[in-house]
Amino acid sequence: MNLEVKLPGLTLKNPIMPASGCFGFGKEYSEFYDLSRLGAIIMKAATQFERFGNPTPRVAETSSGMLNAIGLQNPGVERIIANEVPRLAEYDTSIIANVAGSSLEEYIFVARAFNETNDVNALELNISCPNVKEGGIQFGTDPDMAKKVTAAVKEASNLPVYVKLSPNVTNIAEMAKAVEEAGADGLSMINTLTGMKLHLPTGKPLIANQTGGLSGPAIKPIAIRMIYEVRQQVSIPIIGMGGISTAEDVLEFLQAGADAVAVGTANFQNPFACVDIIDALPETLIKYQYTSVQDVIERRGAVV
Amino acid sequence: MMKKRHEMKVLSVETIAKETVEMKLYQPEVSQQTVPGQFLHLLVPGFTLRRPISIAKVDRQEGTVTILFKIVGGGTKALAAYQPGMTVDALGPNGNGFSIDDVSEGGRVLLIGGGIGIPPIYHLAKRLSEKNVELVAVLGFQSKDYVFYEEAFKKIAETYVVTNDGSYGHQGFVTHVFPEVGAFDQYFSCGPLPMLRAVTTELQDSKGKVSLEERMGCGVGACMACVLPTVDNSYKKICSDGPVFSAQEVIL
Amino acid sequence: MNLEVKLPGLTLKNPIMPASGCFGFGKEYSEFYDLSRLGAIIMKAATQFERFGNPTPRVAETSSGMLNAIGLQNPGVERIIANEVPRLAEYDTSIIANVAGSSLEEYIFVARAFNETNDVNALELNISCPNVKEGGIQFGTDPDMAKKVTAAVKEASNLPVYVKLSPNVTNIAEMAKAVEEAGADGLSMINTLTGMKLHLPTGKPLIANQTGGLSGPAIKPIAIRMIYEVRQQVSIPIIGMGGISTAEDVLEFLQAGADAVAVGTANFQNPFACVDIIDALPETLIKYQYTSVQDVIERRGAVV
Amino acid sequence: MMKKRHEMKVLSVETIAKETVEMKLYQPEVSQQTVPGQFLHLLVPGFTLRRPISIAKVDRQEGTVTILFKIVGGGTKALAAYQPGMTVDALGPNGNGFSIDDVSEGGRVLLIGGGIGIPPIYHLAKRLSEKNVELVAVLGFQSKDYVFYEEAFKKIAETYVVTNDGSYGHQGFVTHVFPEVGAFDQYFSCGPLPMLRAVTTELQDSKGKVSLEERMGCGVGACMACVLPTVDNSYKKICSDGPVFSAQEVIL
């Protein structure tokens, strides 16, 4: 079955990619399977300088989900380009770089840095990481700020830019429209919802950073709602994510309005999550009477 | 060879001390590959994250792997209810174990285990006992009810049991019996963080290796949940660079 | 053990009450146990006139949660006062009326109506039900609107008013501060998060109303985070809710900043949820070295 | 007497047709109380909401209750994997069943069941067969593989089997055989909504009762998830006022 999807800058053999931060730079999961099977790989966030991230504990389990506050730990964009991208480029798959920052200048620096390599196919502009105290969050919750950073990164980069939206907002469609207006080539949604878990013996937050981002199946209904809502109001493609762990979940995201999807937390439970989903997707599409991934995307037009 | 997800068959499940369960699993491949200090990353249906549990012994002849765990929350409670014949989905052996290449024949090694940190130390003790090495083991438990594997250790090591409340063996912390254990070339330790801090401080002039714990996401080195600062201003991942580290290398 | 909690207008023998909409008017659950065991009962939403609610399906299951779009079906405030309140008044427990509406006038009408009975102890002002198309949602997401309706209802009512906040906002503390300023006697949080589930064979929303409110354990980390955040910034009491199903959950809510709690979705899984929690609460408090519910509330001051 | 949460012991689990499982449960109290048309509200660990499943027969002597279900999603799949000896947490019997007080001795009753709507109709048939009533049953299935309980019905009723694809019995919908069944005093029906719509339209001049389905929250009448409009401009709750209604009373 034809699982191909074409998006700005990306021709994906299938619509499945690991979500940023849940797959490192692919090295560890390459010990489980051939990464060439993936539609694309979204790398862990890159910042201007190396970051050591938050104190531990950084994760906590919740019902059908987990909280994380890694704090964007990464070796910095230059070392990512020098050490990680070339290794990933050996696989027959697309590479998406996740761009993070705590100031407009940092976003621009990181975006521009990725112009140096020919092996990155698109940027995912992470304006939504809820774990950075320095103001990163504001870009993701204020439409004007989101517009500003999107426009600046579009200007700085030679690559298509997918803006990753935060779900921690009153009006997601407003955010989506703002970044579309500012020139975003696509959207990526949703990032994590801000949550907290307490450690009962002390009454204090279990995660050292206090709050963390909630991911996993628990948030899927929120992701589906937001994608559905945004799909009615913007026309650029959407990379959908939030709680995907089965091929049926992928179909639901495509029906809701996504054009491709990313799988995050599910990798932790099942390191083969992405390939298991890719393997199951054809029979799932057949079961629900679709002939290809493109068919789902085209036919939803009639539905909504 | 690519890494796998293993279906491990439960052979037996036994409560061997208070809240402490021993589970024997059949999986020849894992049994062959494991070195002391490595862990399994177990999927418990109904829980998002896998549970890291150290390997306490292997029997390569039988193709088995034994784990010990303490019932502390939902995941270990569910595991404790497994019946022989059921299977457990596991990744592993994960991580880097205790390297014993630098333990010289005829030497003397100090093993320090606290509570549910004792199983990997037992596995190590068994492996070291195959070498010509003198073993001293200091095992700390909360109280008498929690004591396990004392006899097994006694067979292969000079063994000191310590309980916090003095209800069995020596009273106090594992460090309290250090004056009695005599000289040693190297120590290996696994247990709760406060114990490891006390041990590494007390033994700061000795060569040692410690096995650490942290809450994990992926368990394979990809998510950066389990990092630990190192003395060289960098970091290590407990799940993949560890869980065993040189005591001199990491900041506890 | 002393489980008593004193809140404006309410002296609760224990901090556990069924959440609005998840317990009807108590009749059905009174067939399972004696309602006098409850700290209080929060009734299903009351509107000015009878409402028939949304078309079915009205509920859908999600991972560790559920979506609902009942649409405030209720017999109208007059019949609630005539038929439901007197029956509930026979139990030795407090009664909280949930006040809903789609206009300022309706909120005032309903709030005023409850002045007619002596058997209602407090109002829960539901400015957050996401299912009413007529604009009800705006009261819950705009701080000025929230202020306005709170002030108006305070003015109209003789009873203490607990304002029930919606989690579907960028800044929950801002909402909490707004209603505190407007005179709210307490807060109730959180209501459901707006979500959606699709029916794969049709690609359309499973719930007839399209979106529904997400409740259950899935949302607990979000509830805890919001209560923790609000507790730092407002001083009026909080009735906490969102995914509670065990006594340990209750303790977590109290530690986070709640002064009492409500149990919603858990009643569906276990009709004895509330009393099972009440029974388990003393040993749970002892396990974590608390001497009473009040002790948890007092000691968290030191923690945050 | 207060309502309870029952622990029902699984005695047997058997696949009796394609995707169709028969499960026998031991619970004397429920067995005593149940009337045809009532349902159990089953808790399946790992799922938020309980699953409503009709009671297909009871044996009060044995203290057993039998249910039949089709594997359609996660909950029924998990239930199908239950082993004898395990227990199922159930509320029930829930709802109001088929009232048969108005079925007169010597009368003739038409029973119409579609697919997994057949079990409660079977329970009703058994109860009616204890009266002096002539029974005609029309049973609709998707195809031959799905057919079940045909023999059981044949023992107590003149039975017509219909399959959508004609792979067994008559071809078409249950309504297609209505011309053959002759006169009757009253009908009872349970099955998918499109079938019930066709049945009630076709038989609009006859007295009848239908059993309905809706997605449920509480299953006990408290949450208003399962309402159904009635002809008098009001509503009924399927879980507690139903699932059985007079065909004349409700709007399908």
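Miscellaneous remarks
First chain written, first letter: the chains are A, B, C and D, and each begins at residue 1.
Everything below uses one rule, namely that contacts are C-beta pairs under 8 Å (C-beta built on N, C-alpha and C of every residue); 3 or more make two chains touch, one makes a residue touch a chain.
Note that the structure is predicted; figures quoted are calculated from it, not measured.
The chains that touch both chain A and chain D are B, C.
Chain centres here are C-alpha means, and the one lying farthest from chain B is D. Averaged C-alpha coordinates put the centre of chain B at 46 Å from the centre of chain C. Distance from the chain A centre to the chain C centre is 34 Å, each centre being the mean of its Cα atoms.
Work out the mean CA point of chain C and of chain D, and you get 36 Å between them. Of all residues in chain C, those that touch two or more other chains are 62, 64-65, 216-217.
Chain contacts here close into one cycle, and each chain has exactly two touching partners. The full set of touching chain pairs reads A-B, A-C, B-D, C-D.
Interface residues of chain C facing chain A in the complex, by the touch rule stated above, are 62-65, 67, 141, 168-170, 193-198, 200-205, 210-212, 214, 216-222, 224-225, 228, 243, 248, 251-252, 255-256, 288, 296, 299-300, 303.
In the complex of the two chains, the chain B residues touching chain A come out as 2-5, 43, 47-50, 91, 214-229, 235, 240. Contacts from chain C toward chain D in the complex involve residues 21-24, 27-29, 31-33, 44, 52-53, 56-62, 64-66, 68, 70, 73, 216-217, 265, 267-272.
Those residues of chain B lying in contact with chain D across their complex are 45-46.
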